[in-house]
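Presented below is the structure to which this report refers.
Lettered A, B, C, D and E in written order, each chain numbered from 1.
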Amino acid sequence: MSSDLSQQKVEISVDGVSMIFGKKGKQATVLQDISFDVYQNEFVSLLGPSGCGKSTLLRLMADLLQPSSGQIIIQKEHPREVRLRRKFGIVFQNPTLFEWRTVRENIELPLEVMGQDRSVYRTVVDQLLETVGLMKFKDYYPWQLSGGMQQRVAIARALSLDPPILFMDEPFSALDEFTKEKLHYELLEIKRKTNKTIVFVTHSIPEAVFLSNRILVLSAHPGRIHSIHPVEFGEERSLQLRESASFHAMTASIRNCFYEESGTNEHQMG
Amino acid sequence: MISKSFPFLFGLFFIFVWQFHGYHFLFRLERYQLPIPSDIVRSISDNGEILLIYTLYTGIEIVGGFLIGSLLGWLAAVAASYRPQAGAGGITILASMNAIPIVALAPIMNNWLGDGVASRIGIVSVMTMATMAVSTYKGLQSIESTYLELMTSYAASKGQIFLKLRLPKALPAIFSALKINMSTSIIGAIVGEFFIASRGLGYLLSDQIRLANMPLAWACIVIAAIAGIFLYTIIQLLERTCMPWSVTRR
Amino acid sequence: MKWAKPAHQGAVVAVWIALLLLLWEFIAWLLHALMLVKLPDSKLPYLHKVIISLQDNLPVLIKQGLLTFGNAGIGFLIGSAIGISLAIIMSLSNTVELTLTPYMVASQMIPIIGLAPILYGILHDPDLSRIMMAGYVTFFPVAINMLRGLHSVQPEQIELMRSLAASTWHSYLKLKLPSAMPGLFAGLKISAPLAITASIIVELMGAPNGIGVLMISSLYYGAAQVYMFWSTVLVSIAIGLVSFYLLVLLERWLTPWQPEFRESGSGGT
Amino acid sequence: GSVKSVSMSPDTSAAASTSSTTKNEPLKKLKIQLKWVPQAQFAGIYAAKEKGFYKDEGIDVDIVPGGPDVIIEQQVVNGAADLGVSSFDSLLVNRDNGLPLVSVAQVTQKSSYRLLSKKSTGIDTPAKMKDKKIGTWMGSQQFQVLAFMEKNGLDPKKDIQLVKQGFTMDQFFGDQLDVATATIYNEYYVVLESGVKEEDLNVFNFDDAGVAMLEDTLIAKKDWVDKNRDLAVKAVRATMKGWIYAIEHQDEAVDIVMKSVTAGSTTKQHQTTMLKAMAKLVKPEGFTNDQVGSFVDESVKRTADIALQYGLIKKPADLKASLDTTILAAK
Amino acid sequence: MSSDLSQQKVEISVDGVSMIFGKKGKQATVLQDISFDVYQNEFVSLLGPSGCGKSTLLRLMADLLQPSSGQIIIQKEHPREVRLRRKFGIVFQNPTLFEWRTVRENIELPLEVMGQDRSVYRTVVDQLLETVGLMKFKDYYPWQLSGGMQQRVAIARALSLDPPILFMDEPFSALDEFTKEKLHYELLEIKRKTNKTIVFVTHSIPEAVFLSNRILVLSAHPGRIHSIHPVEFGEERSLQLRESASFHAMTASIRNCFYEESGTNEHQMG
């Protein structure tokens, strides 16, 4: 799909979006004039220096913040409509678990909110607990979990809804490489099976290259689009790909462009 | 803009309905049960001097009792959280002081402190102490363990953990207690004056209400209400200045 | 810094009570025997005499105490319900909070003696009026603390519920109310003993029975009843203690996730 | 027996005549609000209930206790009670402020209030009360104290320091007061019971000074009386019958009262002295049983005059409208 | 130093440590019989699957938890003594910032606790703000920061004490590669200059290889030491090293050993 974008249906369109935080007098422009499209069933990764506005951009798309200017259209509608129709799931940078709910109950939350029947989603949740490897811990409370385990609960929670769109903010950052890779495959499999569109924030360039159809590199202060990199590896991603020369070349090229961008901004890094 | 001025407009509307017998009509009340605002205002202006003097008199009881009671309660909570194993029990006892009604407190305090302001300051202090102690203690104890671990890793002394972690964390709870205590103080001072006092808003109120002089009785209540809202606002402002991090957030 | 286990804590409370009672007897002794003050019995009678009187009148005190405790329970439930509802309504929007706050504060400035004629006038039902008055005395601490609890929800958790397009109902049921539980309990613990006060105050509005009636009667009938008076004070404190302690247990049971109730220090984060 | 009284509405008179002739009519509910907790001060009412006097009249009485926070006039006006035991001076001021109440019977004929001073203070004449702290209960109750002072040549505004007295006598014992108010049926005995000897006290009597105001009186809402005249008549009649019975059978009456007081709050002995004192107030020397509950013009007028003179009421009391003598007269 | 360990002074000695969580009846053995030494001025990384007990081990060394059995000796003393003498700094997996303190005040916290004079540490804190690139944000409150920025505050806070021992729990996990690399160099520089001993938890094998003198790989359920890998690249670590073949070989070998360990445990992953 990455080869002929014009043929694809646009799922999310971000158009001239800027975001300014703070009240008058003490304002900070965090995002400036961001425009890009995400196509249906596409996996787009956002890369960029710490504090450049990736999480903010995700929040804008999820209708959790309103842009100071510009607009975002998802499935031809305002993000609010899309949110109200529960068309997306979101994984925040922090696990954001409810401390009074066990692992299982945290994962069930979206399903409860959607009013689904417990008997119906039992198996779904069991399946998810297996996927993220927390079956044994299903009755633990969040404070009894390690950081990575908490993050996995958050991932399972977002997946439980089975939404057509996923916004994921560094979901795998606290996971070991083995668990991470396992979840990479799971995520790609889920995307393939259920035709999901995914917008994904990460700091790991190999991760972005391995998973994405396109990679957006942002620059900082204010956050702008530095460059867009289509990743032309087709839909089938495997261990071989990770070890291929083209994979390393792509990784290196993005790293370079990233360094070049960050390097010029070094005096105001952050 | 509309939402900002709404509370004010609503207040005007509330008084308007009251003035034109809206509530009297609605609840089938008579003016000798609930006077209308203009009666109350007239009564305030007719009795301005005595009301002013009495307000100041009662004000001393309110502020004195509020400060002493809140401070004592606060100190009790701090002491209790220093040794929570033993302290929790002490807080339980203090909390149960809230179960002594003013009817009982008033004669006791009169015997201890005489029939002047000191007696009501005593009543109000007892009434406010428990609330502050319970609230503050909860605030001081309810700390996520990572934060305690962080301070432990610095080998911070108990005092430092208290000053730099527990106290800031407990501020919202402390301010809740101050808000409750503020209203407790006013009503405590006023009701305390029902029993023995020969001056003050509460004395006047209880006297006038028996004489069915409702406008003057309600003048006392209205003054207390205005004082209450005024002091509440002050505490809110204080809360904002003491906790800038939480205010800017909303 | 964990709370002692309930059983252990009960023992600690008992020690406290013992210490305070000793202190009482000591101060009474100072007043009576050493300082020879006027009216020592009205200031602070000898504890042992109060206890003797308490023992003599135990059946009565228990009966009246239970009656008052029962009424306090009703007042507490009503007051808590009002307080919780108000806090929820106020948390719905900033404007609502700003609009209601002054009325809530002002309402607390109306003494029962001023409120009663209006309430009776509106409700025309003495029992209902009494219940409302008991609720009126207890709702404020609950409302304030509950409101604080509702405001203490983590912004990210709210964002999560928003992203799920959770209805207001759901975001309260599943997020805001559980988050507000610690605050709510702080309020309930303050208002539970206060409910005893409330039910005694309501008894002063003309009730045939109850600790409050015993209290004013024994004051009114003078020196002969002074030990009885202090007995009623002790009983009301005891009821307050019991009601507070019940809430301590209830809180542990309903909100075991709170940091101070957790079994061992910390999780992985 | 049954007497047809003058009645405003044919309805009620019809109802009244049937209810008094047939015994199996359902009892009419009636609430009486006391001004204080159950005690011998209200012995007549308790006796009437216990001895079935109300029932005989076809009335089921519910006696509502009072308390420090109960305002009798408000209770009656609100309909929380049909009849209330208030004070006549208090009735006047409440009427002056617009409450549509009337008195239907006057229970006490003499003032129960006394001023007490300890002999040790040397205050043995009213004149010596100059510049002293005088305790009294306020509300409407301080006015006969003012009248008493003026009568004895003191300026009530300047010469004395009037101080609010609580419902214990501790201020008096603790010398926070030089002179205290006491009712002859309770506080006076409270003082004696605390060990103060009768001979150590100076007692000043308002009646003797001619400044007494009328106290315990039965009040009702004006339109209630108009609509339920017959019921009012019967209730008052039964109450007064109860009083006469209580005065004549004091031991039994105290026993009856003791059934209603909160156990442990008082002693039988205390209530016995209380009833003894009350008996003299309700049926003073020279009163016949028939006169119990009636309005003595002179006392009524004196009460109204003092009330007006000291500003308790602002306009002269319309005594005709303030009391309904027909209720008691309708025998 | 890595070449001749026996010559080195032992700084931390972990001896047969086990850790059991929970009350009787519902107990979980999290760490079992862990023994290893950390030498003075050594950089030891802990690698292991999510939930295997790395953070717990760090807490045990920092005297924030007490082992169920076994013992830990630091500088010949019980960890408590070492803690009381403020000989170590710690970076938790979560930033754990005080919400009522600005960035600057959060960094100053340990210095205040130590009773140092504000005028003395002003420049130190300024220096740290520069190092972590947050000078411009020194007056922000935590909730105004991005996830990565919060993490950098936590790092600066731990460094502000300048302790001889540092315990760091995934300190760089939320940082972009450029910022991360910059901080790698800073950290190594600080270690070299001030002779620090560092115990470091990470999920990034390249990061571990690049920074460490030795790498401990833990296995999960219960956490045990799977293998220990000395990293023989000397003290000078540079960009060239990252791109060298030996670096990649080392990375690959650890990844293999890691996979092998996790793979066998797959059925109970997490």
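One rule holds in what follows: a residue touches a chain if its C-beta (ideal position, glycine included) is under 8 Å from a C-beta of that chain, and two chains touch if they have at least 3 such contacts.
In this text the structure is predicted, and so the values were computed from the model without any measurement.
Shared contact partners of chain A and chain D are C.
Counting only chains that touch, the fewest steps needed to get from chain A to chain B is 2.
Across every pairing of chains, the maximum count of C-beta contacts belongs to B-C. Separating the CA-averaged centres of chain C and chain D is a span of 37 Å. Between the Cα centres of chain D and chain E there is a gap of 85 Å. Chain centres here are Cα means. That of chain C falls 49 Å from that of chain E.
Chain B and chain D, compared by their mean Cα positions, are separated by 38 Å. For chain D, the set of residues touching two or more other chains reads 68, 71, 74, 78, 167-168, 170, 174. In chain A, the residues that touch at least two other chains are 94, 143-149.
In chain C, the residues that touch at least two other chains are 39, 42, 112-113, 117, 121, 155, 201, 204, 212, 216, 219, 259, 262, 265-266, 268-269.
Only residues 146-147, 149-156, 160, 164-165, 168, 171, 243, 245-246, 248-249 of chain B touch chain E when the two sit together in their complex.
Of all residues in chain C, only 38-39, 42, 57, 60-61, 63-64, 112-113, 116-117, 120-121, 124, 126, 129, 201, 203-210, 212-214, 216-225, 228 touch chain D in the complex they form. Listing the residues of chain A that touch chain C in their complex gives 59, 62-64, 83-86, 88-90, 92, 94, 96, 98-100, 109-110, 112-114, 141-150, 161. Remark: chain B residues 30-33, 103, 106-107, 110-111, 114-115, 194-198, 203, 206-207, 209-214 touch chain D in the complex.
The touching residues of chain D, counted against chain B in their complex, run 68, 71, 73-74, 77-78, 90, 93-94, 96-99, 138-140, 162-168, 170-171, 174, 176, 312.
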